[in-house]
Amino acid sequence: TTDMANTEDEIGIVRGLAWTSVGGDTLEIEVNIMPGKGEFLLTGKLGDVMKESAQAGISYIRSVSEQYQIENNFFKEHDIHIHIPEGAVPKDGPSAGITMAAAMLSAIIQKPVKADVAMTGEITLRGRVLPVGGLKEKLLAAKNAGIKTVCVPADNEKDVSEISQEIKRGLDIHFVSRMQDVLEIAFADGKEA
Amino acid sequence: TTDMANTEDEIGIVRGLAWTSVGGDTLEIEVNIMPGKGEFLLTGKLGDVMKESAQAGISYIRSVSEQYQIENNFFKEHDIHIHIPEGAVPKDGPSAGITMAAAMLSAIIQKPVKADVAMTGEITLRGRVLPVGGLKEKLLAAKNAGIKTVCVPADNEKDVSEISQEIKRGLDIHFVSRMQDVLEIAFADGKEA
Amino acid sequence: TTDMANTEDEIGIVRGLAWTSVGGDTLEIEVNIMPGKGEFLLTGKLGDVMKESAQAGISYIRSVSEQYQIENNFFKEHDIHIHIPEGAVPKDGPSAGITMAAAMLSAIIQKPVKADVAMTGEITLRGRVLPVGGLKEKLLAAKNAGIKTVCVPADNEKDVSEISQEIKRGLDIHFVSRMQDVLEIAFADGKEA
Amino acid sequence: TTDMANTEDEIGIVRGLAWTSVGGDTLEIEVNIMPGKGEFLLTGKLGDVMKESAQAGISYIRSVSEQYQIENNFFKEHDIHIHIPEGAVPKDGPSAGITMAAAMLSAIIQKPVKADVAMTGEITLRGRVLPVGGLKEKLLAAKNAGIKTVCVPADNEKDVSEISQEIKRGLDIHFVSRMQDVLEIAFADGKEA
Amino acid sequence: TTDMANTEDEIGIVRGLAWTSVGGDTLEIEVNIMPGKGEFLLTGKLGDVMKESAQAGISYIRSVSEQYQIENNFFKEHDIHIHIPEGAVPKDGPSAGITMAAAMLSAIIQKPVKADVAMTGEITLRGRVLPVGGLKEKLLAAKNAGIKTVCVPADNEKDVSEISQEIKRGLDIHFVSRMQDVLEIAFADGKEA
Amino acid sequence: TTDMANTEDEIGIVRGLAWTSVGGDTLEIEVNIMPGKGEFLLTGKLGDVMKESAQAGISYIRSVSEQYQIENNFFKEHDIHIHIPEGAVPKDGPSAGITMAAAMLSAIIQKPVKADVAMTGEITLRGRVLPVGGLKEKLLAAKNAGIKTVCVPADNEKDVSEISQEIKRGLDIHFVSRMQDVLEIAFADGKEA
């Protein structure tokens, strides 16, 4: 089922874009942060590549934690749970990397993410954003879900340029090459708008 | 075998609704809370999707623990065991999500659940209730088991409207979109009746 | 091989009844409690359903530990080992649930179990006894082994009523619906005789 | 290869008897006890039934540790390693149970086992000795290896009676029904000789 | 996709050379060091041989930690994460051994690696560099990615001599036999240039 | 590739002899000892039998640690890593047992092993050396690698006697029956030369 854009900015929930053999879809990535002992929970029938992508995302966040004023012991004293509904639908691939990282950081620093933003892109350990596939289907799904702003890897610029204007009309497409670019666009009080 | 509705309100036991190729069935979800070290036990031949659904449920409860006056260290100092008889029958799917969450919260805060309530719905990490399948068979099974009140996901409202009145007659069907809705209906001293 | 009834009441040993394609059999469930660190050992080529059944049993016991004067830290400071000879014979299914629970409780509170009692029944987390199959073969095996008293799930009453008197003659058959019923019958100093 | 009987009494080494499709064989079970943290190591390509048999043996020993003056914390502060050469040959089945238990107890209490003793028999958690198969081949292998004394399960007495005198001649065969019987025969300073 | 050489010297990022059935490729190995508890994370769909190669690398570094002034407790108090994008592409084999080791040491001692260096070679526990395959394809990939300096195992010298000058022109090829040789060439402030 | 004998005595490196369908080979077993928490790492694509063989070796060393003046807490406070290059080549079987044990002890007590020694033999938990296969191919490989001294299990004496003098010429072959024999020959300052 196609989920519509959030109706208000939320903390720890970010909209991703998926691409399957039957077309594009949006998926809502949810993150809960709980007092705990450093466990990292990944649910929603995620494949190994997607789980590793989440691990890369959390390691990236840990490596830049100082610049977000995250306390020294935060990761030892909390559990992080990423869940992607719908729980019976298998999901895999690295293209939700930046979405999972954005949702985790939003939950950790308690900063809301704009309701009408969606994103797709592989994340590396150092926060670079790598290109992904299925852009046409993903942009169409974003549009159908009422999304206004989409983050797309800079290295997909050429792919996007080849997509018809009809699909792209009404979408504010941002090309991102580093995780900082993503966060500037997605966080509700970012300078970008 | 079809289990009849509980004869009295119980703590930590909630009736779910299942749907198999041979029709609907009710299943009684049991939860025990024991002094322990934070282990989470899941028995009754549960499949991976169902186990992840239980994990989403417990993380949801942990994230709202303050509003239920659950102590800070509760989850570190107790073990939680979810068991679904009959132990030899394989069970899977996300549709017992809200039932398992309700049973866990009932056991944790020691609040009884009404004997004549049953429910079905996927739970997300943030407590949203997602639609499920097999409504017709599930409602029929609920009715046959003597259930009076059923919680059904709001996004299944259209599916329910298409089911014949004959099946629905005598059932008080509530459409729920968040876990709070479920608890208000299910807990024995809730305002809803 | 058919094992005969114990010659004297023993602590931590309870006779179960099994049912295979070649007929019924008795099996002697042994439990050792040892100073330890809370490990739960299950040996004797037990299948997953049987292992989960044992887990349900121990959680049930933990949940009622107060009423048996079991100390707070007992389960953290002891290891519990359930073994079912013969070690090379695969065993599975939930029907040894009440037998394993009775053997564990007997070993924990050091109360002997009557030598001439056997039992069959699935246990739930809350100590309910659920019906099982193969009653005819099981009762025959019990009789051949010299058993005098058999605990059978209350929900199997109809199945038992259909078994010929010839088989049941000489067996004192008790229909049980909760674990307390079982223990009252099995423990050597119970009021029942 | 056929190993000959030990030339002198040793601590922690006991001779077992195995039975394969190509005949009987002896196998030398070695146990090392090391200061450690309670680990239990099983090597020599042992199958699951054999590993569980070893676990039953060590639990039996733990349950009778007082009568052998084994200190309270012994099992928490030592690692126990059972190894059965030849490491490339798969081994399985419960019939080495009493041999592994005897070797472990010998190593723990530092009491030598007689060089010319061999044994076969399943052990239960409570130290009972259960019957095994392949007696004829095993006794022949014992004889060829220069063994003088063999412990055989009491419930195999009939099987042994059917084996020709030619094979049994020169072997002192003891029928054992409990682990104590085994130890009395095997330990070098036991009363039995 | 072919990644170009880094534009500036970086800490914890080293360029490796891979060889697949469809030709050579470069791969950027990223390492993050985080305050932690000694965990070693390996992501990017790495096969078992590659993971073991990473383990050999980190053990080599631990064994020479004194000569790099790495504190005694460093490895207990930090987590090390190696990630190799692109996350959906399976990678295996031992030939990234020296690259992973160089990236880890760079991240640990915070010493940048030259942007225009790439390398290939199996590492042993003692820091020896063993020969690898696919040299021709790897050198071609390095050249296409704008690499200037390549470390190649000394035992591959003969293989390299057989590659045409056209491919090797413009590449500064170093034959290395020990990890020290690699580091001298790769670290930005090494004496070698 | 055939590795030549070491050019100088080294600590923690011992030459083994392997036997594959395509002939004999030498393999260099490397051991690193690092401050740690008692982990035992085995890399180089080792099969289960080989891993168990390494475990038998380390348990043997632990059991004789007093006679080598190894401190009480050594094994709890160090990690031991055995690696056998080449990392992509699968290795299995028990015949590297004495070689791995010798390399570990050399690394633990920091005593160099002679450069021109190679060895083959299964080790038992008690330090006995058991016979292995492929002697002819192994001796040939040793000779080709420039090895001067070879340790061979005493129980292989007959096999060696049947190998042609041409192969054995120039090799100093020692028949060993216990691990002490091996160490006396292999350690650089042993009395044997």
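When the chains are written out, they are named A, B, C, D, E and F in that same order, and each has its own residue count from 1.
By our rule, a contact is a pair of C-beta atoms (placed from the backbone, for glycine too) under 8 Å apart; a residue touches a chain by one contact, two chains touch by 3 or more.
Note that the structure is predicted; figures quoted are calculated from it, not measured.
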Shared touch partners for chain A + chain F come out as E
When each step joins two chains that touch, the fewest steps from chain C to chain F total 2
Per the C-alpha fit, the turn needed to bring chain A onto chain E (nearest 5 degrees) is 60
So the chain most remote from chain B by C-alpha centre is F
Per the C-alpha means, the centres of chain A and chain C lie apart by a whole-Å value of 52
Chain A and chain D have mean C-alpha positions lying a whole-number Å distance apart equal to 60
CA centroids of chain E and chain F: separation to the nearest Å works out as 30
Among chain F residues, those touching two or more other chains are none
Contact graph of the chains (line, ring, star, complete, other): ring
Cyclic order, anchored at chain D and moving toward chain F, comes out as D, F, E, A, B, C
Note: in the complex, chain E contacts chain A through residues 1, 12-13, 28, 30-37, 41, 43-45, 79, 81, 83, 85-88
Interface with chain D, chain F side, in the complex: residues 38, 48-49, 52-53, 55-56, 59-60, 62-63, 72, 75-76, 93-94, 97, 122, 124-126, 128, 130-131, 155
